[in-house]
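What follows is a pair of complexes built around chain A, which joins chain B in one and chain C in the other.
Entry: the complex of A and B
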C-alpha cells in the first residue's frame, strides 16, 4: 500500500514507537482483530531496543532486589524461547563470585531465584571453569541460570512482519509532531514524513504511546505529564565471541557486570547514569564509562583485556521517575501502563513504558488489554502461544544461497526460504564477515522497511562483523543505489553509515581499533574520495 | 649480517630509499612485514592536493611554500622539492613504471567512486583528467566484469555523468572470470588479475569489449583488474580493443598499487638488495646516540648491523605507529612521537572531519634524524608515513611525502 492510502484509513489504534514494545503492541492489537497503524520517527529498534546487551534475562539478576520483575522475566524468557526461537540462542548463564565478593550472597541469591521460579544450580568453580573456559579462573563460586541471548533487531522486525500479516500498516521515518485533540479526547496524530517533509493527520480511536524515553515528550504534546527517568547505559562490543555463556556477577546489580555472547561478538555492560532528558537524542560514550566497562569486564573474562573492541554505544532506559536515586538501580524495572483518561481526563490516549526489552510482549499484552477494553473488543491475547514469523516449526528451503545460508537462516529463521537466490548474481556475498548475500539484501529491502544502509545493517548485520563495513558497506551502498536508481542518496547513506560507525569507534580509538579506523579513512576518503562525492552533492543544493 | 643500510619497512618509502642506495652499490637490507599502504593505491602518486585549511592546490610546488614548518616538505626545504620530484619521476621510469603527469600542475585521477582527485603522477594506462569537473570525452562506455562488486559501477557512472558525459554501462560475462564467481570470496581485483595473464584470456576479454562497443563510444573505461605484476596484459588488451581503453581503480586489494610495489621490489632485488619479506624488526641495540643493530622475529640470534638505519614502517595502518590505552608509540625503537598524552585529543566526532591522529608521527630533526629521549640519533632516519606533521588523507600528499623524504634521506646518506 502506498503511503497516501495508509494515511487515509481510519484506525482503531495508532501505536507510536518502533521498538520492541511498539512492534509487539502492533502485533497483539492486529492479532485481536484491530485495525492498526504503527509509526516510528526513524528506523525500527533505533532507541533502547537496539542499544542494550541482547540478553534474554532469566530474571536472576532481579531476584534479590525485585521479585516481581524476576518472575516476569523468567515467564517471558520461557515464552520467547518458543515463539521467537530464531531470535534466541540458548546459552545459559553463570553468576560468578570473585574473591573480592561476598560468597554469602550466593545463598541469598539462590533462594530468591527459587522464590521467583528461576532454576538456579550451584556449581563447583572447577565445573564452571570447564563449562565456560573464558571465565575468570579466580572464581570462588558459580550458579548456573537459564539466561540466553536474544537478537532485538530480529525480534522487533519479526513482530512488525507478523503485525502486517494480520493487516496492520507500518511507517518508518514518520515522526509524531502533534496529537489531534478534540474536547479532551485524542483522535489521531499529526505525522511529519521525513522523506517528503509533509505533515499529515491520521485518525484513530485510541493512540498508544510506546515511544520509550521519548514518551515524555510525546505525552507533553498531548498536554499530560509523565516524569521519565532517563538512565543512560553504555556498552562495549568486542570483535569476537570470547564467552559461550552469559557471565554475570553474583552480587547486588552494579556497573558492567554482565557479559553476553551475541552472534559472532560479545557485549559488556552496562553503566547507569542519570542524564538530562534533552540529551537522549545523541548519546555518546565517555572515556570514564569506557574505563569502568573495561576494568569490570576483565574481571568477568580476563581475555577481554587483549580482545579488540569493535565499538561503544549507549541506550537510555525509559524508567518512570519515582524518587531521587541517582543510580537508577533501586527503581523497579516494572511495567507502567497509564490510562490517561483515568489519570488525566484525556480519553483515547494510553502510555506503555518502564519494563524491559525482555518483557516487551507482556507490556504489549497489558496495553492491548486496555485498548481492547476501551474499544469493547473481547478477543484474547494469543501472542504467548503463537510463534513469530521465522520461528514456525518448519525447515528453511534450499533456495537460500549456499554461502551464508546458515547465517541467513539464523537471521530470518523459516522466513529464509523467501530469500530467492536463483541466479549467480543473487548468490554473491556482499558481506563476508556476516555471510550476507545479494539475495538477502534484496529480500530485506522488499519486506523489511529498509530505506538506508543503517536500516540494512540492523536487518541483516551487513557491516556489523569484524571488518565493520570496510568493503561491504560500499558494495551494499552500490547495490542499494542500483535497486533504487538514486546514486546520490546511496552515497549519502554510505557517509551516514561510516559516521555512525565512527561515533561508536571514537571512544575506543586505540590499538587495532585505531588502526582499522585509519584503514577505513584511507580507503573511503583517500582512495575513493567519498568525502568529495558528498561535497559535490552539497554544492548543488 | 652487516649492511651499509638497514631499512625497516618495505612499502613505497622503504623501497625508494632502498633502490636509491642500492643503485650506488651500497649493501642494503629491507625488512618488510608484507603490509603496505600501496595496496590501497589506485595508480597515482600525489604531491599536494590541498593545504591544511582545505584549500585546493593546483600548483603543488608553489603551494608547498605556504606549508607549516612541521610538514615534511618544509623540513626538506621547499627549494629542494623540484629536483627531488624530478628524481622521483626518473626513478619510476628507470624501474619500468611509465607515468603521466607534470610536477608543476596537478592533474586529476578518477577514483572508484567516480570522483576526480588531484594527482602528480599516474600510471600510463589509467584515466587522467586535466580538470576536476570536465571529461575529455562526451560518450563513455563503462564496462564491468559481471559479479564483480568491488567496482561500484553505478557510482562511477554517476560521477562521469556529473561531469557531463553520456555513459553506457555494460557487464561482461567472460570466461575464465565467470568460473571465479562460483566461490563468493574469489571476485577480488587481485584474483581476477591472476586469471587475466595469458594471451587467450586477454583476447577473450578484448572480444567481449569489442562486441559491446558501439560507434558512438569514444573511450572504454574498465575496472583495474589486469596487470598485477607488470603491464603486459594491459598492453595486450589495449592493442586488441577497438577503442581507446583506460583503467579505473577498484576497491582494495588495488591492482595498480600492488604492481608498483612488485616492480620496485624486483628492481631492488635485481640491484642486489636483500628483501626480508614477512619478517618484522622487533628491537634495536644502542651505543650512545647510535643504533648498532636490530633484531627481527625470524632471524632469531642473527643481528642485522648497519652504518645507517631508515625507519620506514608507515603509520598506524602498517603498524609503524601504534597506540594503546595510554599512549601513541613507535613499537620498534620507542622513538619520540608527536602526539598529545590526552587520548581524548587523538580523535574528533564526525568521520569526515580532520582527525588529529592522522598527523601523528615520529619526531625528527631537519635532516630527518629520528629523536629518542629528546635527542636526535646519529644514524637513524625516519621517512614516509611514519612521519607526522601532515594529514595524507585530507591533504593528498602521502605518496609524495613517502617518495621525497625517502630520496632526500637516501641522498644524504650517500653524501655522508
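Entry: the complex of A and C
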C-alpha cells in the first residue's frame, strides 16, 4: 500500500514508537482485530530497544531488590523462548561471587530467586569454571540461572511483520509533530514525513504513546505531563564471543556487571547516569565510561582485557517518576501504563513506558487491554501463545550447506524460506563478516522497511562485524542504489553509514580497531574519494 | 589491572588481528579456481566468529583447503589463517576419515607392506583395471600414478651399507629421511649421506622415526598424528640433547609439519627441538656461509634446471637457501619459477573429487615449466615432484640430489678433512 492510502484510512489505534513496545503493541492490537497504524520517526529499534545488552533476563538480577519485576522477567523469559525462538539463544547465565564480594549475599540471592519463581542452582566454583571457561578463575561462588540472549532488532521486526500480517500498517521516518486534540479528546496525530517533508493528519480512536524516552515530549504535545528520568547506559561490544553463558556479578546491581554473548560478539555493560532530557538524541560514550566498563568487565572475564573492542554505544532508559509522586524523586523501574483520560482528563490517549525491552510483550498486553476496554473490544490477548513469524514450528529441517545460508536462517528463522538464492549472484556475500548474501539484502529491502543502509544493518547485521562496514558498506550501497535507481541517495546513505560506524568506533579507537578504521578511511577517502564525492554533492545543493 | 587493559591483543592464532583486507583470498590457490571454497578469510577468521557462537556454522567446504599456508604468507597482520582452518576441521569435521583417506594417510603402514612386495605392488597399481577400480570404489583418481615403491627401504640400506662408516667423522647430524625416502626413493637418502660425508659430517638415523603425520592431519586422523609426532619429538630431542646432533631433512613438508604444525595445530611442545631441525639445503648453506665447509664441483657438469618453490618452502621462507646453494654450482643454469602452488597438496590431488581442482591450480606452474623448458625441475617437496612429473613429463629432482650429482665428492671430502 502506498503511503497516501495509509494516511487516508481511519484507524482504531495509532501506536507511536517503533521500539519493541510499540511493535508489540501494534501486533497485539492487530491480533485482537483492531485497525492499527504504527508510526516511527526514524527506524525501528532506534531508541533504547536497540541500545541495550540484548539480555533476556531471567529476572535474577532484580530478585533481591524488586520481586515484582523479577517475576515479570522470568514469566516473559519463558514466553519469548517459545514465541520468539529465532531471536533467543538459550545460553543460561551465571551469577558469580568474586573474592572482593560478600559470599553471604549468595544465599539472600538464591532465596529471592526462589520466591520469584526463578530456578537458581548453586554451583561449585570448579563446575562453574568448567561450564564457562572464560569466567574469572578467582570466583568463590557461582549460581546458574536461566538467563539468555535475545536479538532486539529481530524481535521488533518480527512483531512488525506479524502486525502487518494481521492487517496493521507501519510507517518509518514519520515523526509525530503534533496531536489532533478536540475537546479534551485526542483524535489523531500530525505526521511529518521525513522522506517528503510533508505534514499529514491521520485519525484514530485511540493514540498510544510508546515512544520511550521521547514519550515526555510527546505527552507535552498532547498537553499532559510525564516526568521522565533519562538514565544513560553505556556498553562495549567485543570482536568475538569470549563467553558462552551470560556472566553477572552476584551482588546488588552496579556498573558494568553483566557480560552477554550476543550473536557473534559479546557485550559488557552498563553504566547508569542521569542525563538531561534535551541530550537524549545524541548519546556519546565518554572515556570515563569506557574505563569503568573495561575495569569492571575484566573482573567478569579476564580475557576482555586483551580482546579487540568493536565499538561503544549508549542508550537511554525511559525511567518514569511514580505517578503518586509529583516531585519525581521516587522512580519506578516497573511497567507504567497511563490512562490519560483518568489521569489528566484527556480521552483517546494512553502511554505505555518504563519496563524493560524483554518485557515488551507484557507491556503491550497491558496497554492493549486498556485500548480494547476503551473501544469496547473483548478479544483476548494471544501474543503469549502465538509464535512470531520466523519462530513457527519448522515443517522440515532445511539442509543448510553454505555458511551464508546458515547465517541467514540463524537470523530470520523460518522466514529464511522466503530468501531466494537460486543464482550464484544472489548467493554472493555482501557482508563477509556476518555472512549476509545479496539475496538476504533483497529480501530485507522488500519485506522489512529498509530505506537506508542503517536500516539494512539492523535487519541483517550488514556492517556489524569485525570490519564495521569496510568491505560491505560499498557493496550494500551499490546494491541499494541499483535496486532503487537512486544512486545519489545510496551514496549519501553510504556516507551516513560510515559516519555512524565511526561514531561507535571513536571512543575505543586503538589497537586493531584503529588499524581497521584507518584501512577503512584509506579505502573510502583515499581510494574511492567518497568524501570528495559527497562534498561535491553538497556544493551542488 | 586496568592499566594493563587493552595494551595487547591476544587471540588464538591471532584471528582478531585480521583487518579483513582479503589479501589472503587473493593468494589462495583454491579460491582462484573454484567458487565451492569460501576462501581463507571466510573459512578462517570470519568463520571462526560464527563457530565460536555455534559449531553448527562449520562449513564442510573447509575440506577444500590445501593447507598450503600461502594465506599466512600473504597476511600482513600475522594471522595464522591456515592454522585456524586446520583446527576448525579438527574440531568440527562431521565425519571420520574414509577407508581411502586412511590408506592415503597411513604412509608407514602401507609403505612397509608395499616395499615387501614392491615389484608386484608397483605393477598392480599401474594396471588400468586396477586404476579403474581404485577410481570408482576408493575414489583415488584414475589419472594419478602412485610413486613406485622401492624393494629395499632406505633404513635397511643404511644399516647394511652406510651406518658403520659414520663413526669415522668428527662432526655429526641426524637425518629424518621421511616416508618418501624410506619407501619410495632411497636414492635421495643415499645422496644426502654422500653429500654430508663429503662435507665431513657423519649421518645417523634417529632412534625411532615415524611418518611426520602431515597426511594424517590432512585426512582427519589427529589422534594418530599426535602419537607419531610425540615419538618424533622424543627421538629428535634425544638426538639434539644426548647426542648433540642437529636433525636435517630432505623434505620441506616433513620439516614444516614438525617445526610448525606440531605446535600450532596439534598443540605439542617443540621448543627443545625446533631450532635444531632444518632442511639439509639450509643447513649446508649456513655451513658454507660460516666458512665451516667448502665445496668442489665437477668441471664437466653442465645442465639447465628450473627451481619450483613448494608452498611450505614459501611458508618457511627457506627457498632462498636451496636456490642460493644451487646457484653455487658453476655449470648449472637455474631458472627460478614464480612461486605458485602445484595443486597436489600431498594426498589432496589423489582424491577423485579434487582432481580437476588440483590440475586447475597447477596449470599456471605447468605452463611456466613448459615455457622454461629445463632438463630437470628442482624442488624440495616430494609431492610437488609427483605432480610435476605426472603433469608436465619433466623429471624432478631434490636439490640435494642435484648437489650430489654436481659435486666432485672426493675433492670435496679432501677439502673438508
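Rule of thumb we're sticking to: the second predicted complex is superposed on the first by the 521 of 541 C-alpha atoms of A that agree within 3 Å, B and C clash if a C-alpha of one lies under 4 Å from a C-alpha of the other, contacts with A are read in each partner's own complex, and residues count from 1 in each chain.
Criterion: a residue touches a chain if its C-beta (ideal position, glycine included) is under 8 Å from a C-beta of that chain, and two chains touch if they have at least 3 such contacts.
As the structure is a prediction and not an experimental result, all values here were calculated from the model.
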A:515 in the overlay: touching chain B, chain C, both, or neither? Say first, second, both or neither. both
Of the partners chain B and chain C, which touch A:502 in the superposed model: first, second, both, neither? first
Based on the superposed arrangement, let me know which partner A:190 touches: chain B (first), chain C (second), both, or neither? neither
Contacts for A:425 in the overlay, against chain B (first) and chain C (second): which applies, first, second, both or neither? first
Between chain B (first) and chain C (second), which, if any, makes contact with A:474: first, second, both or neither? first
Would you check which partner chain A:306 touches, where first means chain B only, second means chain C only, and both and neither mean what they say? second
Once the structures are superposed on A, label A:274 by its partner contacts, choosing first (chain B), second (chain C), both or neither. neither
Tell me which partner touches more residues of chain A in the superposed arrangement, chain B or chain C. B
Should A:407 be classified as contacting the first partner (chain B), the second (chain C), both, or neither? second
Common interface residues of chain A with chain B and chain C? 294, 403, 424, 429, 432, 471, 510-511, 515, 519
Interface residues, chain C side, partner chain A - complex: 1-2, 4-6, 8-11, 15-22, 35, 38, 41-42, 45-50, 52-54, 56-57, 59-61, 77
Residues of chain B defined as touching chain A within the complex: 37, 40-42, 111-117, 146-147, 149-150, 152-155, 157-159, 162, 181-182, 184-185, 187, 249, 251-252, 254, 315-317, 319, 322-325, 343-344, 346-352, 355, 357-358, 392-394, 398
Chain A residues touching chain B - in the complex, by the definition given at the top: 284, 287, 294, 403-404, 424-425, 427-430, 432, 437, 471, 474-475, 477-479, 481-482, 487-488, 490-491, 495, 498-499, 501-503, 506, 509-511, 514-515, 517-519, 521-523, 525-534, 536
Touching residues (chain side chain A, partner chain C) in the complex: 239-241, 261, 263-265, 291, 294-295, 298, 303, 305-309, 401-403, 406-407, 410, 424, 429, 432-433, 435, 465-467, 470-471, 510-512, 515-516, 519
